[in-house]
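Next up, some structures in structure tokens.
Next come two complexes, and both contain chain A; in the first it sits with chain B, in the second with chain C.
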Partner chain A sequence: MTKTRGLRALVSVGVATGVIAAGLFGAGVATASTRPAGMTFNGAVTGVENPSAKTGGTLKLAAIGDCDSWDPARTYYGYCWVLQRIFTRSLLAYPSKPGVAGAVPVPDLATGLPKYTNGGKTVTITLKKGQKYSTGAVITAGDIKYAIERTYSDQITGGPVSYLTCLLDTCDKNGLAQYQGPYKQPSNQPKLGGKPSIVVSGNTLTFHLASPFSDFNNLLAMSVTAPVPAKNDTGATYTNHVVSSGPFEFKSYNATTGVVWVRNPFWSQAGDPVVHPHATEIDLNYNSDATATDNAILSSQVDYSVDGGQQTPALLTALGNPSIKARSDNPVTIFTRYVAVMQKVAPLNNIHCRKAIFYAINKYALRVIRGGSYGGQLAGTMMNPSVPGSNANYNPYPDGAGSQGNLVAAKAELAACGQPNGFYVNVAYVPTGRGLKIYEALQSALARVGIHTGSKQGVAATFYSTFIGSPANILKQKLGLAVVGWGADFPSAYGFYQSIANGNAILPAGNSNYVSLNDPKINKLLDSFEATSSASTQAKMASQIDHQVMADAVYLPFQFDKTFYIHTSRLTNLYLQAALGSYYDTVNAGVQ
Partner chain B sequence: MVRYIIRRVLQAILVVIVVSVVTFGIFQIGPVVFGADPTYLYVGKVASPNEVKAVRHKLGLDKPVPVQYWIFMKGIVVGRDFSDGTSTVHCSAPCLGYSFRYSQPVTQLIAGAFPVTLSLTVGAAILWLSIGIPIGIISALRRGSLLDRSLMAFALAGVSFPTFVLGLLLLLIFSYGPLWLRWFPNPHYVPFTQNPWEWFHNLILPWLTIAITSAALYARLTRANILEVNSEDYIRTAVAKGLPRRSVNRHSMRSALTPLITIFGIDVAGLLAGAIVTEQVFNLPGLGKLAVDAIGQQDLPVIMGVTILGAVFIVVANIIVDILYGVADPRVRFQ
Partner chain C sequence: MMKSAAATAQAVADAPVKGRSLWAIAWGRLRRDKVAMASLIFIILLTLAAIFAPLITKWMGVDPTSQDLNVLGDIGFPKGPWGGVSWKHILGVEPQLGRDIFARLLYGARISLGISLSATVISVVLGVLFGITAGFFGGWIDAVISRFLDVMLAFPVLLFAIAVLVIISNIPHAPNYFRIVLLILIIGVFSFAYPARIIRGQTISLREREFVEASTSLGAGTSRILFSELLPNLAAPILVYATLIIPVNIIFEATLSFLGVGVQPPTPSWGGMLADASTVFQADPFYLVVPAVALFVTVLAFNLLGDGVRDAFDPKSTR
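On to the complex of A and B.
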């Protein structure tokens, strides 16, 4: 044949092959699963998908990488707190229920809720008898005391231990405790006024607090207070050999490949009113390629990812396929996404310059980058809807038409701050994932009113610890803005705002109060928040704190994060644990 | 030859030392130059100044950089102890440091990752040699024929295909594609000792990914070498003297395939140092993935350990290849 006809034939064959391949592939995806019986879109948000009493089987899960630590006192990743429920128990725990019903602690290892006396400064709670570790040893009240004591050691870093530190021991003006932990001071213990603050008598623990703390039940529900047998404690390496007090124990753990949990033979349902495990094995595999995990979930080879939702391509696949959408959930999470406006960096030390940014921002564009309406719910205030007392509709800085910015108000604020033609500000961000696009969207939005931005890229591993987490570095590098997210450590205004808004929480590194907010009104409200146990008073205070934070114009919220999860159709008893970040409560999930 | 080998070994040691100094320098001095304290990579999200100080001391980061380097290199020879105040971890020689991200000696992490990379390398090497060299030979012996042109078109396509594209395509079709094409599972590594069939089954796609590209290259090289050798005077003389074609081919093959030894050695060493792309695409926890993850987490001890190991593989491979080349080609003299 001639060259031309030969070439045409080749092209025809190529095109035909491509069409056939696409058709086959598309057909494959479309028939990847039949519509799952009993499952609906968002079914796990407010209810339990596929309730079933059937037990057995292996859950196949995925995550991008290892938890920051499996040591219950050293983990701060939200999804890791949910995974802690697989192998640890605490005196109290969040119920295995979706929605707000799952956000109030109930007794777990304890026989009942604690009793508060002495104006709320004395807390008494009793441990159930006969509960056992995976080693067969009995869990004692002394183990819980030890678990809290070890958090005072400089080997045990990284977890949310600061809530307990000065509550149970004498601290200096810099917030440093006198007690240095059982490794250095084996004969000592936390003390207040020279007297032990944790007293064990049989199975009863009595906590003497430095001041009333109405959220103490939430602290007792944290994994930080999970029992640790002293003889098995290896300090900083305990993460490799955690002794289980929960329904599952570690069968194998490889920090680079994943974890396998199997049932703890010494755990019994009779003694655990909180969780109801159904699977007999949980396999968690790590894959740094999120797209590969999404494909594995879509092809039902992995049940779900434990550390976040799916990427945009998978989201679009689900939206276009009713059977996949039916096994998807899109909850509003506990995280607020916002721009930290650093008030210590000129000209942002002028509140009107900050407010100019508040009005100029294009929230719509930022939300589009983060997944549109499936990626977030537009926000006008900082406090997340998951926090009691929040008002998601409060917005002291109207966003303009389509939430794309109020340029007239922005320009008025620029004039008020003496910068009518705008100014220059650096933006700190991590150039991975959506980081660069977020920066570019911010750049475009602010440029409309003459605010020009410079790029200051950080590294993910140190972004929150020493880049924007160091007030000194913020000043040194003149970091004016940073797009970050925050979720409450526990569901209360104190749990949400203490670390990011109280002046006494500013740290030299690892600081979460990025803007160095030190407003006496907010400090006073937060300091006195825990002194009252009245829900209505706390709701009112929560609103006051939120309004004042917004009035200070340092935190510019643009959305309450949503996550789009896809899971397989074979799962049972699946729901999202709202108190711990709206992740699937793996400990209770089962398979058909 | 013995003196040659000794000299090459000494040169290799020097190269590895230089690599270690450069790597150590970059990753120790870099954070200091950019105003970052590497201690914060290891203390977790929230840490008090006392905790930071304690971890800095535990890591040895409070010592001068040359002292830190000396301690690191000494550990390779005699081993080292890492203490956190509660327990002491002994790291036997060759100790390549301690990963505070994973709370394990680096040697342990590498020992866990190396079998994966070795499995990947050996399997892929067998495949690409088995495919590439025969194709090259057939193509050379049938020069100009339709078969030759078809095989070289395949080779061109194989060489042109980026590894990660090929790997992702294979996954999309055979792991995540239509049900009837899902011949391979969601990729993960299963040790041979745990389940030989699953080990083999999970490695087929990664092997093919590397082998297709490499086979194409080896086919082209083999063909080119054979054609070049066949144009040599001694081959033409042999043909002119009436030597059977089979005998002539035997003589030309040896000369044509000898240069492939060099390339093969370097390729295998490079893969052993970490087939980064393939391991990332197929989620294989080998040395390449270990290195990539360590870089992302700025786990300096792991980065050092993997880099030094990679350097060792490359220099050793170079020595072996040079020696084998001399054995295969008597014209080469060791000086």
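On to the complex of A and C.
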């Protein structure tokens, strides 16, 4: 009797366990589907996937959190610049083309490319007639002048405005402009030598520059120069109700839950040669749980993430499943990932202590966490391969066997800086996603030579603005190291290095020159870069700047980022905008 | 022949009968309980392993922080089956970081056992203090303490613990040991109400006994009665409930670590390992199985031991 009961019980337990196990493991298999037509791995890197003229439908997109700002003059996140194309247009724009073809600005709101005269110091450009905002008002040349003028206000911070500031106004020796912006000085305007630097005549704008700037077309393609109607401008709160000049407008915006864009009825395709929207609505939802987003994309409930790729478990799923791999892309981006070594925090003020970290770091381990060879290309120098004049093979601090670090050289540098047994240093990081593991890997690598790390966690919302973006806070909290990424604001050595390496770019908040680098050699090269019009001279200067930055041992690069994206198979007209960071160009995407 | 048998019988009749104390009787019963003994042996071995974790891991050539990247594939998952199990890494390695799981399990045991045992000591000390006071004095003292215990029992402990620990995270210079002390205090303070009630009940039933009356009539003061008469008789229930509170506290600490508010990485903890492993479960299931089994077996061992101890002191108590 007992034996039979026992056996039956055993069998039922076995069956139950089997069912549960099958359910748990089967969940991973359920995402397999038939191979999507017209899609291949890396299809969106080199071409446009599923080109189609069909319009209609709603894109369902995800991001970890809100953009730093929707105000076109106040955003600095790479993916937010791509999203700006949804609802803003500028005089020039990057074409909707993959690869290098999408990296040279073409006319958008302008009738043609600008004309340069007077040794490159006078720029003339004409606005197209009859382009309209989402309010129905006509876009005027005065609106573009106003958009640039408001960047001089202290309410409009956080965007790449510094390129224009001293180009169009008289700055003092500390780089501070005289013009204070239209809110404080409504009857004033930016002036050079007492004369207005932005002159509007009908639909024509004339810019008078303080010095020639060979990348000025790239500046005109930035959302910083997108038109803003003065009567709708509310200064620091404009981000909550941006007036659209592009094919979509804001229907709703909530800083914690997301954005919904719908078509701007006053935009017409006839007047827009750059973008070809297909969807009628775009839903962007925020979810701080990156794993949940990855799973939603795998099960085709979310089309793609706008702010970066999927994490390693999803990558593994894609590599093992051909139909998912076919709807994935793995571009090399414009971003270099590196450790900022704060030279103002002891004992990092001694260059040999800094170099000890350069040799002790384990670049291979850090890359493994970011996805291995799918996550990045190991780097020995800062300047990204997408920058003209770069040399990706330059490595002044050899990485050791397997790029896991050169501990002998590290110990020699420790001895040279008087800390043969190592020292203590704080690491600033945000513990979400991979941030915590990157910290642990860094900690483990440096511990090999006795450099012990303390954990200083920040939050994503303020990390770049006031945590490591404030030189005073770095000193106060003794933040010694921070793992960060950086991409050129536009494809040139000046666009790559100006904000992070020029002494005159150090800001009290929102600072990108985290280490407060102020090397006269570098300052001089950068200050004279844009006045040089010869491409070959610029390439030589780019190399010199890069070598000097590396010699100063403040920025320790470990990889050029690659992103692994997975997207759904129902998308059409999908490609990656390479010049702006290899994100999907959402404004053009459609659904079947 | 007859002489030795008679002599033996006489020897047996003459030998005095030795009385055995409660502890000796209980220990005798416990020794015969195979399940409880097995649990006790496991707990002793685990505690020794936790205490000698640095020596054991050094002898095996592993440690909880070094990364062994050669065992990981290109995108960070262990190359072999079973999560990278090998002679060197007997429980495999962590994905992406390549740290030895066995070493992290042992060091994590220090955290789990250390924090929960310390918290249990606090819990028992507070429980005895409040329980004896409420039970012995009665009246308004009992009323006040009992209501206080009711509040403690009704408190949303997990929410409170999370809130306090998140606030601690935001203090710029708080070191890890400060966090550990706070964890011990929170867990200890929020679990003393249960033993306090038990002790109070036991005290109430004991204070009416004759030996207390005898002590009072001999002129013994309150504190002498409490500490010399009542406390020794409460030792049995105190021991039983202490053993049963420990697994509750282990789970509590593991929950806090799982939620990310316990000890901070890279300090290994079983809850932290569970949290990390659950994100890569489909790619490397063994990484989840190891801390889950460790936690399950440890909690089970303490529970079985607690049951065994309770049975040893009072075999008539019903389950």
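Here is the rule we use: the second predicted complex is superposed on the first by the 554 of 592 C-alpha atoms of A that agree within 3 Å, B and C clash if a C-alpha of one lies under 4 Å from a C-alpha of the other, contacts with A are read in each partner's own complex, and residues count from 1 in each chain.
Keep in mind that, in the parts below, contacts are C-beta pairs under 8 Å (C-beta built on N, C-alpha and C of every residue); 3 or more make two chains touch, one makes a residue touch a chain.
Given the structure is predicted, the values throughout are model-derived calculations rather than measurements.
S.K.: When the two structures are superposed on chain A, do chain B and chain C clash or fit side by side?
M.R.: fit
S.K.: Give the angle at the C-alpha centre of chain A formed by the C-alpha centres of chain B and chain C in the superposed arrangement, rounded to the nearest 10 degrees.
M.R.: After superposition on chain A, the angle is 40 degrees.
S.K.: Please indicate which partner A:Gln155 is in contact with in the superposed arrangement: first for chain B, second for chain C, both, or neither.
M.R.: first
S.K.: Would you check which partner chain A:Met383 touches, where first means chain B only, second means chain C only, and both and neither mean what they say?
M.R.: neither
S.K.: In the overlay, answer first, second, both or neither for which of chain B and chain C A:Ser373 touches.
M.R.: second
S.K.: Regarding the shared-chain residue A:Leu176, is it in contact with chain B (first), chain C (second), both, or neither?
M.R.: In the superposition, A:Leu176 contacts chain B only.
S.K.: Taking the superposition as given, does A:Asn362 touch the first partner, chain B, the second, chain C, both, or neither?
M.R.: Touch status of A:Asn362: second partner only.
S.K.: With the two complexes superposed on chain A, say which partner A:Leu479 touches: chain B (first), chain C (second), both, or neither.
M.R.: neither
S.K.: Between chain B and chain C, point out the one touching more chain A residues.
M.R.: Comparing touch counts on chain A for chain B and chain C gives B.
S.K.: Once chain A of both complexes is superposed, is A:Gln301 in touch with chain B (first), chain C (second), both, or neither?
M.R.: Touch status of A:Gln301: first partner only.
S.K.: Should A:Gly235 be classified as contacting the first partner (chain B), the second (chain C), both, or neither?
M.R.: First partner only, chain B.
S.K.: How many Å separate the nearest C-alpha atoms of chain B and chain C in the overlaid structures?
M.R.: 6
S.K.: Across the two complexes, what residues of chain A are contacted by chain B and by chain C?
M.R.: 25, 27-28
S.K.: In the complex formed with chain B, which residues of chain A make contact?
M.R.: Listed in rising order, the residues are 24-25, 27-29, 31-32, 65-66, 68-69, 74, 76, 153-155, 157-162, 175-176, 183-184, 233-237, 239-240, 254-257, 285-289, 292, 295-296, 298-299, 301-302, 459-462, 464-467, 473, 476, 507-510, 512.
S.K.: Would you tell me which residues of chain B are touching chain A in their complex?
M.R.: Going through chain B, the ones touching chain A are 35-37, 40-41, 43-55, 58, 84-87, 89, 100-104, 109, 112-113, 171-173, 175-182, 185-189, 280-281, 283, 285, 289-290, 292-293, 296-298.
S.K.: In the complex of these two chains, what residues of chain A are touching chain C?
M.R.: Residue list for chain A touching chain C: 25, 27-28, 291, 311-313, 315-317, 319, 362, 364-365, 368-369, 371-375, 402, 404, 436-437, 440-441, 443-445, 447-448, 455-457, 477.
S.K.: Any idea which chain C residues touch chain A in the complex?
M.R.: Interface residues on the chain C side: 65-67, 69, 72-77, 95-99, 169, 172, 264-266, 279-280, 282-283.
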